[in-house]
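Look for chain A in each of the two complexes below; its partner is chain B in the first and chain C in the second.
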Partner chain A sequence: MKRTLPLVLGFGAGLVMLLDSFFNIPFVNNLAQRYFMRSITVSVAWAVGIGSLNLLRIHFRNISQRRTNWMFSAWLVFVFGFMAFSGFFLVGHNQNPFYTFFYSSLQQNLSSTVYALNAYYMVSACYRSFRVRSMEAGALLVVAIIVMIGSVPLGAYIWGGFPLLQDWISKMVNDAAVRAMSIGVTLGSLSQSMRNLVGVERSYLGGEE
Partner chain B sequence: MITVPDSVVAALQPLHVWLGALATLGMLSLLYRENPFYRFCEYTYVGSAGAHTLVTTFANTIKPGIQTQMIQNGQWWEILPICLGLLIYFQPVKRYSWLSRLPMGYWVGYNAGYALTMRTAMPMLTEVRRSILPPIVITSSGFDLMASINNIVFCTTVVLVMVYFIFSREVLKGRAAVLMNVSRVLIMMALGVGFGNGAITRVSLLIGRLDYLFADWLGIY
Partner chain C sequence: MENTIWHRLSKLDHRIIYLVYTIVVAFPLIFGLGLPLPITDDVRAAYEVIKGLPPGSIMYLGCDLGATNLAECKPPIVAICKFAYELGHKIVVSGFWVDGPSLAYIWMEPAMNEIGAVYGEDYVNLGYRASMSSILDQSRYSIIEAFSDRDINGNRLSEMPIFQNLAKASEFTYLVTINPGYPGTADYIRAWRSTGDVSLIIDVPTAGMITTNGTHLQAGLTQGMIGGLNGAAQFEALIGYPAKATASMDAQGVGIFIIIAFLVLGNISFIQLRKQNELTKGGS
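Coming up: the complex of A and B.
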């Protein structure tokens, strides 16, 4: 029952969506479009807190057991509590100027810097992996360099053909390869969805009974 | 509900750029080596991001759902999906953790059914249709050599990349193995485009951060 019930529930939900798509049955269409679609939004929204709960569990454990860097865990819990309290209890919630002040000054800047830091790691990865060991590696190296040079004004300054070449490779080779990959991904997702629907794939239910 | 006086928010405004600059410098300090300042900023980021997700979901979905859908429109049936969503919180409780599988099963089943409908198949069929291009392009001014070459390159690339993913190495032996090698080069070229674009995007973000530090914070230019 502990494993069968979720499978039955999932099969029922999936079946209603399939029937809604392929058949014109007013009761099923209404059930799928009015109730099921909305129920997904609502149930997912109420379940979002599980991530925060796990985050807090881990850091409370760090604090209680005085693990390495437990002070930072305490700071994380404080920041979490402060932002959550401001967002939940201030007028306007996430639109409140007090909340948006901390969001825009801290969260936005930290987030942009984390993504910007990737530039360093990409250059570092370039240094380690861009050694031409095979024809494939050479193709990646040459194309990546053309794309990078062709994307900046300096590229056009060096040779006017760089932007055109970059555009041609992007539109012809890249678009075509990505399209073939997306067709493959769609076929894979269709087969995976079928496995999920009929209950062949059960790994998402966990290993325990 | 609590109201923060405007004077408090106005008093905080001068700190805005300073907080942003310190946060930026803290994160960038990782480039030197891992240090307590970076750790402090990292934990601030994780804590505020977690809280922000929660607050945004509450303000944009949960609260309007209760106020508008349930109380105003009388859609009290929404209590059922709410209860279903809340079952996920049994996950850490060992004895009742199986209850958290119910919402999981519902979400997976719903999305599987949704993916199997024409909503997924249609975009794929459109992609297939758009990939079949004429190898000889004749326009009003005559034969267009460049467009023809482009179409041939495009179609060949699509077919070869699909061949690479659909057929295994065991199937394509002998001369046919050459196709695999060509496909691999084409895939690597596509990955090179992705890598180049990714690198450029990240560098532009880095320039944005440096611009923030030098222009907004230090006011150098």
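Coming up: the complex of A and C.
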């Protein structure tokens, strides 16, 4: 019963969603939209809350047991609490000056700064790691250079053919490869979904088979 | 043998690389090069689609992005919103990345205030909602119900003028999706295009996603693509509003050439060292 009931529920819910996608049956459409879809929204919203609590639990434990770098955990808990407090309880909520200052002037700028640092790592990695050790690596290097040059105005300024070459590589060679991969992934997801739906794949239930 | 230029180059201090990169990129950022910007077919198609729509059209702007995408995503959001407003279109913003709608709100507000757009009448921000697929699916029947009748600031959607003529997703004239990955374009296609609710989609991916999202454009699932900072700069040029993207393109171009220069230099030193090693082995 412990395994059969979830399997039956899973099959029933999956079937309703499948029928809702392909057929116009008012009862099924209503059931899918009014109940199942809203249930998903509520479940995911709860998951966000549980994720936040779990994050706090892990970091509180780090602090209480004085684990390595526990002070970073303390800082995380402090900032978490501060942002949550200013967003939930101060006047104006997410329009409160404290909240907007820390969000717009710190979080936003720090995130984009850290991301921008990738450019430096890329230059360094290109110089140190990308080595033409084989024909394939050589081909990759040439194509990468053409695509990079063709993507910026400076490339077109040097020679008008670079953007055309880049466009041809992107649209003919790359798109064909990406499409082949995405069709493969989709077929794989489809078969995996069918296995879940009919109960062949049961690992999502947890525990032993 | 150990002191050849190739040995020294192979052990070049990374701080020198960083310094060279900083100086070379800073120059066009500060002074600008003013290089001509060729317009690609993808960006022109996006521009033509938006321009061809009548006043009163409603755009859904999906901002599924994070703060890390500031450089690439802010310029197209601002440019597209300004252009749409000038054409008399209404704008409905949302997103399924936690930061997306909040950032769009922060980035859009100054621009929308500057052009005199009225919140709730000309544009609205629905805020973040968890669970993209279920919200998009519910929006096919009722946007107000799907978004719990609340915008990003907790105001009632049902009381806003923009929602007097907007009930469900099929009433969006077109969709613009700005995203650096998943969830993103493919999810909107699955939720609203494959169901026949929204047939016009303009894709605004970050540069890293152009290669993946190009297949949607080629298959006719999207009608135009404004890819990366380069696409945003081209769009700014088309609408006659040169701004942040245009200013940044010269620096990006020079930055790419520096990367290529180091790439080539690193490989030349690698090949030379290999040759030297082979000679040494042959000699011994």
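Here, the second predicted complex is superposed on the first by the 176 of 209 C-alpha atoms of A that agree within 3 Å, B and C clash if a C-alpha of one lies under 4 Å from a C-alpha of the other, contacts with A are read in each partner's own complex, and residues count from 1 in each chain.
Keep in mind that, in the parts below, contacts are C-beta pairs under 8 Å (C-beta built on N, C-alpha and C of every residue); 3 or more make two chains touch, one makes a residue touch a chain.
Since the structure is predicted, the reported quantities are computational estimates derived from the model, not experimental observations.
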| item | value |
| --- | --- |
| More chain A residues in contact - chain B or chain C | B |
| Contacts of A:Y120 with chain B and chain C, given as first, second, both or neither | both |
| First (chain B), second (chain C), both or neither touched by A:I58 | neither |
| Partner chain(s) touched by A:L154 [first = chain B, second = chain C, both, neither] | second |
| Which superposed partner A:R128 touches (first chain B, second chain C, both, neither) | second |
| Touching partner for A:L197 - first (chain B), second (chain C), both, neither | first |
| Which of chain B and chain C A:L141 touches, first, second, both or neither | both |
| Touching partner for A:I25 - first (chain B), second (chain C), both, neither | neither |
| Contact residues of chain A, present in both the chain B and the chain C interface | 38, 40-41, 43-45, 47-48, 93-95, 103-104, 107-112, 114-116, 119-120, 122-123, 126, 141, 144-145, 148, 151-152, 170, 174-175, 178-179, 182 |
| Chain A contact footprint on chain C (complex, rising order) | 12, 14, 17-18, 21, 33, 35-38, 40, 66-71, 102-103, 106, 129-131, 133-135, 137-138, 141, 152-154, 207, 210-212, 214-215, 218-219, 228, 230, 233, 249-250, 252-260, 262-267, 270-271 |
| In the complex with chain C, residue positions of chain A that touch it | 33, 37-38, 40-41, 43-45, 47-48, 93-95, 100, 103-104, 107-112, 114-116, 119-120, 122-124, 126-128, 130-132, 141, 144-145, 148-149, 151-157, 160, 163, 167, 170-171, 174-175, 178-179, 182 |
| Touching residues (chain side chain B, partner chain A) in the complex | 1-4, 6, 8-9, 12-13, 15-17, 19-21, 23-24, 27-28, 30-31, 39-63, 65, 69, 77-78, 80-82, 84-86, 88-89, 91-92, 97-98, 101-121, 123-124, 127-128, 130-131, 150, 153-155, 157-162, 165-166, 181, 184-200, 202-203, 205-206, 208-209, 212 |
